[in-house]
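Both complexes shown next keep subunit A, but they swap its partner, so subunit B is in the first and subunit C is in the second.
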Partner chain A sequence: MSEVVFENVTKIYSGKTTIIPKINLRLPANELTVFVGPSGCGKSTLLKLIAGLEETTDGKITIGGRDVTYAPPAKRGIAMVFQSYALYPHMTVFENMAFALQIAKSSKEEIRNRVSEVARILQLGPLLDRKPRQLSGGQRQRVAIGRALVRNPDVFLLDEPLSNLDAALRVDMRIEIAKIRQSLNATMVYVTHDQVEAMTLADNIVVLRAGVVEQMGPPLEIYHKPVNKFVAGFLGSPSMNFIEAKIESVQGDIVQIGGEGFAKTLAAKVKPGAFKSGDRALLGIRPEHLSIESDGELQFVTSLQEQLGDHALIYGSVGASKCTIKTSPTRAFKAGESLSLKVQADEVHVFDASEKNVVVFEAR
Partner chain B sequence: MLWLFVIVVSAFSLFPFYWAIVSSLKDPSTMFQVEYWPSALEWSNYSSIFKEQPFGKNIWNSILVATSTVLLCLFVGVLAAYSLARVEFRGRGLLLALILAVSMFPQVAVLSGMFELVKSMGLYNSWGGLTLSYMIFTLPFTIWLLTTFMRQLPRELEQAAIVDGASSWTVLYRVFLPLMGPSLVTTGLLSFIAAWNEFLFALTFTLTADARTVPVAIGLISGASSFESPWGRIMAASVIVTVPLVVLVLIFQKSIVSGLTAGAVKE
Partner chain C sequence: MTKDHALTERHRTAYLFLLPSLILLTLVAAWPLLRTIWLAFTDATLSNPDINWVGLENFKGVLSDPDWWHSVRNTLTFTFISVGLETLLGLGIALLLHREFFGRGILRAAVMVPWAIPTVVSAKMWSWMFNDNYGVINNILQKLGVIDGPLAWMADNPALSMAAVVIVDVWKTTPFMTLLILAGIQSIPLQVYQSAAVDGASGFRTFWKITLPLIKPALVVAVVFRCLDALRIFDLIFIMTNNSNDTATMSVYARNNMIAFGDLGYGSAASTLVFAFIAIFTVIYVQFSRLNLVGGSSEKVSL
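And then the complex of A and B:
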């Protein structure tokens, strides 16, 4: 039961660059938490803070209730898989996996048993005598994971473990990690830029921006109920459409949204007092929640179409805002054609001036 | 065309060495007749250098001094490079610049200071004094080369080892050192050559013929009488002391080339 908790943790590099302003975060025990966020937002830094590879400037980090803020990496019960794999180039696969156990002064017998057990799980048996340079990318990645597993960690940290692999291999490895995860009794923290990895592997996703947690929750909650424009735009591919709009009228907590590119107004339930009539607002709607139907709310002008076999993407605009539609394969459209779009009412998001999502989700 | 160029350059650089071999095999009386091919093989030059002075002892001194210089220099160099490349501390850049600056002083400038130092440590006229003083020119480039090399080792490799529980010492000797083989060979060989050929310190810090190293011994070879030219013997001695260097370079040739280009391209 190794919950990882950040309490008011601050990280300042070389006395001046604040990367993590003040973070409070609770990563549930034995669950897999994925960190996502733009490049440079501090994902790797957070992992290194958990690992103890970077000093915590201020605050407290606990693992399973134990304060590890000042504990050395080896005493934290963690293991880490690095983006570059970081295998020891001069050691064989066996030696790579045995290294930590040798340092911990395990007996030869114990080391052999443990390594071969992990090698069996990861199907590394035939590779044990090879050097890393004699392995393919996928095999190296498996060795890196194996090296971490051998240590039987309470907390398993993975920093973009699949980003160096090609697309097909990435899918295989993703499934493999999902399997390992089921058999492993450890808290996992996983950094990725890949939407699919985040959505499929995570129990919880933490969306970070500039060292600040924007939202934390299960993948589908983040997808369906983003708290602000940043989170809404970050997850989902292609990303959510944001359409400039105006509040035409307010009646209790129901607002009518209209504006340029609207064929008729769109009703939405928002938090009380979020808007008054005439306010500017941003309508958020994902490409997959728009359909080409007559008598829709939006007037869409096409510019480009991509046929992807199982679905099609149509790029264009609504009023002055860019807009993308994801549909089942359709006929080809000419550029500049005008289409009527129907909005799936229960997937509408409305952002106020401070880019907060003010839509009321209760009905969903 | 390129081949012609290669031949000209090799001929130009190898000719003096060839000339030395030819001269060493000549009879002293025919020394100044120009011959491009030794007419008769005359080994007397080689035997006489061992008779007229303790040349064997001199060679032994040189081996001792050069080897100990290399070992000490690599030991200190590796430790220094590790901290300079991997530990963040204030004034690191300044320290590196200072180390480089030390190597820029002409030897003569530090000669008298070094002499006092060696003498006060009781190392005058011994190989220990030479080893110590040679550090002043072998250490700077050793530290620089090794620091540069260590910087190129990926940070994540060190972090992986730390997570695995390795101490700094373990990281250094179980992870870094095995990867640094080529650069250790390169810097070690350069130090060896520098120490082997050094003349000025060796001349100043030794007194007796028994304590001399080879370059000094050669420099002080004189004729049996003032009418006899020692040229043949000087050449013979030079050939003898160059051979070990050539052998060493040939042995380590592969590692030197890979050492000098290591990290030039990403793997």
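And then the complex of A and C:
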């Protein structure tokens, strides 16, 4: 039961560069939490703060209720998988995995048992006598994970573990990590900039921007109920369309949205008082929630089409805003064709001037 | 154009590009070397152009000369002590300079200064500092109360002269060691150290188990380079100890016979022996370290 808690944690580099302004975060025990965000958002820094590889400037970090803010890495009950794997190049796979146990003064037999158990789980058995340079990228990755598993950590930290692998291997390793996650009784913290990894692996996603938590929640909640434009745009591929619009009328908490490129207005339930008639707004709608149907709300002008076999992507614009549609395979369109788009009403997002999502989700 | 034809064409071009450096190497390296070896089998002197083949006479002479064996002993002593000290100091300084601290860039540059000064200049400079009457070193040691009277560093006592020469060589070439070792240390990725920290390795253990094995290739190269230099040491000793027999090294011995005594053949035999000595040392050392390197990472650290 090792919950990781950040209490008012700040991280400032050399007294001037603020990476983490002030963060309060509770990572549930025995769940896998993914930190996502663009580069420089502080996700790796947060991980290193948990590991103790970076010093906390202010605030408190606890693991399983124990204050570890100033504890050395080895005394935190953590293990870490590095982006570059950081295997010891001069040691064999066995020695790499045994190193921490040797330092912890485990008996020879204990070390052998523990390493071979983990090697069996990760199918590293035949590789134990090899040096890292004799291994493929995927094998090195597995050794790095194995080295962490051997230590039986309370908290398992993974820093962009798949980013050095090619696409096919990445999918395999992702599934492997998901399997390990199921069999492992540990809190896992996973840093990535890959939203597919975030969506598929996470129990909870923490979306970060400039050291600030924009939103935390289960993947589907974040996908369906993003709190602002940043979160909405960050998760999902192709990313959400944002269409410049105008509030045509307000009746109670129902607004009618229209504007350039709208064939007719679109009704949405928003938080009371979010808009008054005539306000500018941003309509958010994911590419898969648009369909080509006559009598739709939006007027779409095509520019380019990508056929991907199982589906097609059509790029174009609605009014002055860029727009992408994801559909089932379809006929080829000429550039500049005008199409009518139907919007899936329960998947509409409306962002106000401060880019907050003001749509009322309870209505769904 | 056929495939074979294209290939020979390319080979011809390759040789054409290599030719200037091959000619240059022949002129400045191969020719002097071969000529020296040939002279070693003759009775050539500086003044007498009449040269006769004498077979192994010169080598017999050199190898039965106690002064030669004395110079061999001097060379080995000098090499062993100075390279040893330089390695230890270089390693220590490299580890310090690898850490991040204010003014590191300036210090890194400053450390290189002794290496940048020409040997003749630093030898003369140190000779004055070691001077028994006016030298600053005797002065400081006396003021500190380490010695009662001035020491005659460069005169009576061979051990003292050797110590002085070693001190200057260490001062002069430790920067070279530092630089090579620092390059080795810097090729170790930060994440490997972070990983060791997570694994709970102490600073001491990290050094022995991670840093040292990983810089071993760089260390071996540095030591070989320094040994090759030290085994043929000439200028520093020749200038500092006034050509004294007490501190003469193999190169000084060869030079004296060749130039001072004008005995070109005899001196060439000594030179050839120095060459053979260094060549054998290099082959043994490289062979030995390669065997050991199987356990280390001889290529650039790949993770």
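The rule is short, and it goes like this: the second predicted complex is superposed on the first by the 364 of 364 C-alpha atoms of A that agree within 3 Å, B and C clash if a C-alpha of one lies under 4 Å from a C-alpha of the other, contacts with A are read in each partner's own complex, and residues count from 1 in each chain.
Just so it is clear, contacts are C-beta pairs under 8 Å (C-beta built on N, C-alpha and C of every residue); 3 or more make two chains touch, one makes a residue touch a chain.
Everything numeric here is computed off the predicted structure, so don't read it as measured data.
Asks: Look at where subunit B and subunit C land on subunit A after superposing the complexes, then choose clash or fit.
Replies: After superposition on subunit A, subunit B vs subunit C: clash.
Asks: Could you look at A:132 and tell me whether it touches subunit B, subunit C, both or neither (first, second, both, neither)?
Replies: Only subunit C is touched by A:132; subunit B is not.
Asks: Between subunit B and subunit C, whom does A:80 touch in the aligned arrangement: first, second, both, or neither?
Replies: Once the two structures are laid over each other on A, A:80 reaches both partners.
Asks: Between subunit B (first) and subunit C (second), which, if any, makes contact with A:13: first, second, both or neither?
Replies: neither
Asks: Output check: A:361 vs subunit B and subunit C. Expected answer is one of first, second, both, neither. What do you get?
Replies: Neither partner.
Asks: Mind working out whether A:70 is in touch with subunit B, subunit C, both or neither, as first, second, both or neither?
Replies: neither
Asks: So in the superposed three-chain picture, is A:89 touching just subunit B, just subunit C, both, or none of them (first/second/both/neither)?
Replies: both
Asks: Under the contact definition given at the top, report the residues of subunit A touching subunit B in one complex and subunit C in the other.
Replies: 51, 53, 73-74, 78-80, 82-84, 86-90, 99-100, 103-104, 133, 151
Asks: Would you pull the subunit C residues touching subunit A in the complex into a rising list?
Replies: Per the touch definition, subunit C meets subunit A at residues 189, 191-192, 194-202, 205, 209-210, 213-214, 295-297, 299, 301-303.
Asks: Which positions of subunit B touch subunit A when the two form their complex?
Replies: My answer: residues 154, 156-157, 159-166, 170, 174-175, 178-179, 267.
Asks: Tell me, which parts of subunit A touch subunit C in their complex?
Replies: Touch list, subunit A to subunit C: 51-53, 72-75, 78-80, 82-90, 99-100, 103-104, 131-133, 140, 151.
Asks: If we count contacts the way the header does, which residues on subunit A are in touch with subunit B in the complex?
Replies: So the residues of subunit A in touch with subunit B come to 48, 51, 53, 73-74, 78-80, 82-84, 86-90, 99-100, 103-104, 133, 147, 151.
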